[in-house]
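There are two complexes below, and they share chain A, which is joined by chain B in the first and by chain C in the second.
The block that comes next holds the complex of A and B.
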């Protein structure tokens, strides 16, 4: 393995590395990212405490805003793109997301059903007698 | 395989899915290291997802103790969020400075990142200490157990990140911008940005959904 810092053209990119840009362009990328992230954060905090929107939509809106902000972080800070030099990074991310959704979604789904199908505690105590 | 066939395949397969490795040696060490660390970060996020799942299941099980609405302070959470977000930005500035080997901007970026991380940790620690002193410690209810383990686990990661950050400053001071130091710096930047992504999940799911929804 060579110890070089930047790879020749046509090679894969390490996660976190971007294609060769000037310093100004790289800083601009971070500035755009931080502005977008701040906007999404402010929207999240505003929506969570407001009466201006239909109340049942708030949890969905918060989750959508959170996913959008995670996307902003991935693109502008971690530089994960869909480019050909990023295939390995994106595939690893996709597998990680699959496991995350299986764990969180599966747990919420199954535990919700168990909760709904469980008789109240006093009934259980009667059945035990 | 003739050269024309290889070139034709490269054109039809821009993502190198069916890549034949016969002509290319192993990838450069920077790519191998960062990719391995990326896999670690994803497994770390999978571990956090288990804590998130536990919190989602247990958030209503308050055992007549306090509910989320009663103990969360949105103002503190907003300050913590802004601190982590800006520290992610300054961390990016420091890694750009490391790539162009500018010591002053590297030290400045890392110092600001460290300061913002410490402000985050202090606010979080005071919140925890305040809850425990009011008798709402992790043993009060299943909801508080899940809350302390999820948010505390993220806080432990940030503490480890601050220690790593100081180590990176010391290594650049002692060894300069060597290739191995730059690889560690890249892994640290990935770690710090990933912590920010986890925090987005924490403040949305725990604090905002817990108090609003």
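The block that comes next holds the complex of A and C.
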């Protein structure tokens, strides 16, 4: 697999480096990012306090907005793209997400079980009664 | 003015730490005076302390680890003697002192011996193996080293000023909370780990970037030597896991300093959360240590068998599998905390699964040796010793991964024997193998074989004489960390273990003798080829010690085992070719940033421990100012002119050509 895809090592770019774009295009990218981020933030605040929508949908909407916010940050500020020069960054992000998922998910699971099985002494006493 | 610090902090009533401290102080002073009187100070400052050369920093890491190994080893000797004599008596160490010793032993051995040793070897070797001139961030590298040294300094300071933690090496609350540990011991522990943790994180980021971004022409991922792969995996784990440690200790410190209740008994604190978080770091940590060791063994076994590594791709896969699975097993450190059958079963199975990629590695090494022309030189002895020892340790580990068995053996001497079995047999043997293997590369002369072999055999036998009795004592029900005991059945095993410790000590003395003898005979042991072991990867392609720029030209890599390939190629073709055209080389300038930063970090850490707030601000401002000055620097590189490069390179080529023609005539 290695010989065909031969690309000189060190060719790929550091995070944030983009060679082909001019300064103007880059500034435009950041401006679009800021506008989108602000829009999403404002929407979140609006949705949290509104009674225009079905109430139980509010938490779901907030989660969706939060994930969209992360996406905006990743694309416009951290420059995570799908380009071939960005494989390292995407893989690093995936590894980070996996570790966060494992640690946070595992912790919630473990601590839940511990709370259920090992309550403080006074609660155990109450159970006995 | 001085916070909690006053004369009562110095333990005048305890002779052991005071005498030990005095001896160390006299030693340091003697070395300092010798350095100043002989006029070595400018050399040390310009060539080592401010150096940003990855090779020099690697050597300094290993030196730090070796000195700390002696400190941690002294603690181990004291503990083994205490347990040998403390049958139905108090022994010679009072409980509060004994507790500090086992806490310091664990902390030092993991954070200031194992970590700097493997990071030092990675620093020294990885850029050479990748065929590049330095790591990605040279000055950051120096900062990382000096912050680690700061942590080590603070831990050792606790010997004479104040006390160290009495809580064990992970400082479990509620014992480590203010109500049960009101002294400065836990603060020494936590702040030294916070500061050296920053250093480790920085080193991790640096090495990940180096492997991902700085490879020479043609060095794609599947041509990297195995050690580079394990370095990548290990440093990915550092980057992912060390923030957990920092956050957990930060919460503990908030509890202790600002009256928070993260891990306290009262006010809704949750002690179990600490165990959970600290082991979410702690289990990846053991793989951070052992993966580079696996890489070292891969290099050594393939070199000394004269064969390419068997199953290179399966080895890569196994390494990356361990990298991921190591984040799925941490609960096995607290099976007995009561999470229940579902949780325990899943984590037990995950712990057994992680033994599979490790087993793959063992078989790969065995098959690499199979049919090879094996040379039993010292690095190879350490590697074979590792395989034997590590299999025993791994199997007791699988045993402990079975939750019902763990309920019997949890916190017993069996556990102590198990983790020493994998850490000594895995990490330390690996570190020694790497030390013997790459010493000629770092210093230009080989180590004495006779003393090296003696060191190996004493350490190997001493290890088993020490730790097999501990397995048995654990089976007999002995718990860990006992200052004294009343069970007659344990006594004989404790005495055997103490004898084993003496044998281990002889091993360490042989190791020191080996270095002394080799330095004396360095002319006879001189390596002029740059390739004393008939090596296979690029670090052997340059001279020993390598010039500051490592390679006069970027090496061109055409397959696995880059240098072996080159040598085979050269044999088929004539060595004569046109004199190459040399170019100027730009290298990073040396910088005192790391040292100055660590100096202020030491002041800040010490002040935080003793609650001297004005000094905290002073240290913090100093460190920040250092950073600002560095950030505003104007020029950070200097140029080595092409003529100079040519001169250095021709000397080394001439040396080798003479050797080749000599070998040809034989």
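Quick note on the criterion: the second predicted complex is superposed on the first by the 96 of 129 C-alpha atoms of A that agree within 3 Å, B and C clash if a C-alpha of one lies under 4 Å from a C-alpha of the other, contacts with A are read in each partner's own complex, and residues count from 1 in each chain.
Here is the rule we use: a residue touches a chain if its C-beta (ideal position, glycine included) is under 8 Å from a C-beta of that chain, and two chains touch if they have at least 3 such contacts.
Since the model is a prediction, treat every value here as computed from it, not as a measurement.
J.: After lining up the shared chain so the two structures overlap, which partner does A:32 touch, if you call chain B first and chain C second: first, second, both or neither?
T.: Once the two structures are laid over each other on A, A:32 reaches no partner at all.
J.: Have a look at where A:96 lands relative to chain B and chain C in the superposition and call it first, second, both or neither.
T.: both
J.: Name the contact category of A:66: first (chain B only), second (chain C only), both, or neither.
T.: It touches chain B, and chain C stays clear.
J.: Between chain B and chain C, which makes contact with more of the residues in chain A?
T.: Touched residues of chain A are more numerous for B.
J.: Go through the superposed model and pick first if A:88 touches only chain B, second if only chain C, both, or neither.
T.: The answer is both, since A:88 touches chain B and chain C.
J.: Would you sort A:53 into first (chain B), second (chain C), both or neither based on which partner it touches?
T.: In the superposition, A:53 touches no partner, neither chain B nor chain C.
J.: After lining up the shared chain so the two structures overlap, which partner does A:124 touch, if you call chain B first and chain C second: first, second, both or neither?
T.: The answer is neither, since A:124 touches no partner chain.
J.: After the superposition on A, what does A:111 contact: first (chain B), second (chain C), both or neither?
T.: A:111 sits against chain B and chain C alike.
J.: Do chain B and chain C touch any of the same residues on chain A, and if so, which?
T.: 1-2, 5-7, 12, 14, 88, 95-96, 99, 103, 107, 111
J.: Can you check the complex and tell me which residues of chain B touch chain A?
T.: Its residues touching chain A are 14-17, 26-35, 37-39, 42-43, 45-46, 49-50, 52-54, 56-57, 74, 78, 81-82, 85-86, 88-89, 92-93, 95-96, 99-100, 179-180, 182, 186, 189-190, 193-194, 196-197, 200-201, 203-205, 208-209, 211-213.
J.: For chain C, which residues are in contact with chain A within the complex?
T.: Of all residues in chain C, those touching chain A are 212-223, 236, 240, 244, 270, 272-273, 276-277, 280, 324, 327-328, 330-331, 337-340, 342-343.
J.: Quick check on the complex: what are the chain A residues that touch chain B?
T.: Of all residues in chain A, those touching chain B are 1-7, 11-17, 23, 26-27, 30-31, 33-34, 37-38, 41, 44-45, 47-49, 58-59, 62-63, 65-66, 69-70, 73-74, 77-78, 84, 87-89, 92-93, 95-96, 99-100, 103-104, 107-108, 111.
J.: Which bits of chain A are touching chain C when the two form their complex?
T.: Interface residues on the chain A side: 1-2, 5-10, 12, 14, 88, 95-96, 98-99, 102-103, 106-107, 109-111, 113-114, 116-118.
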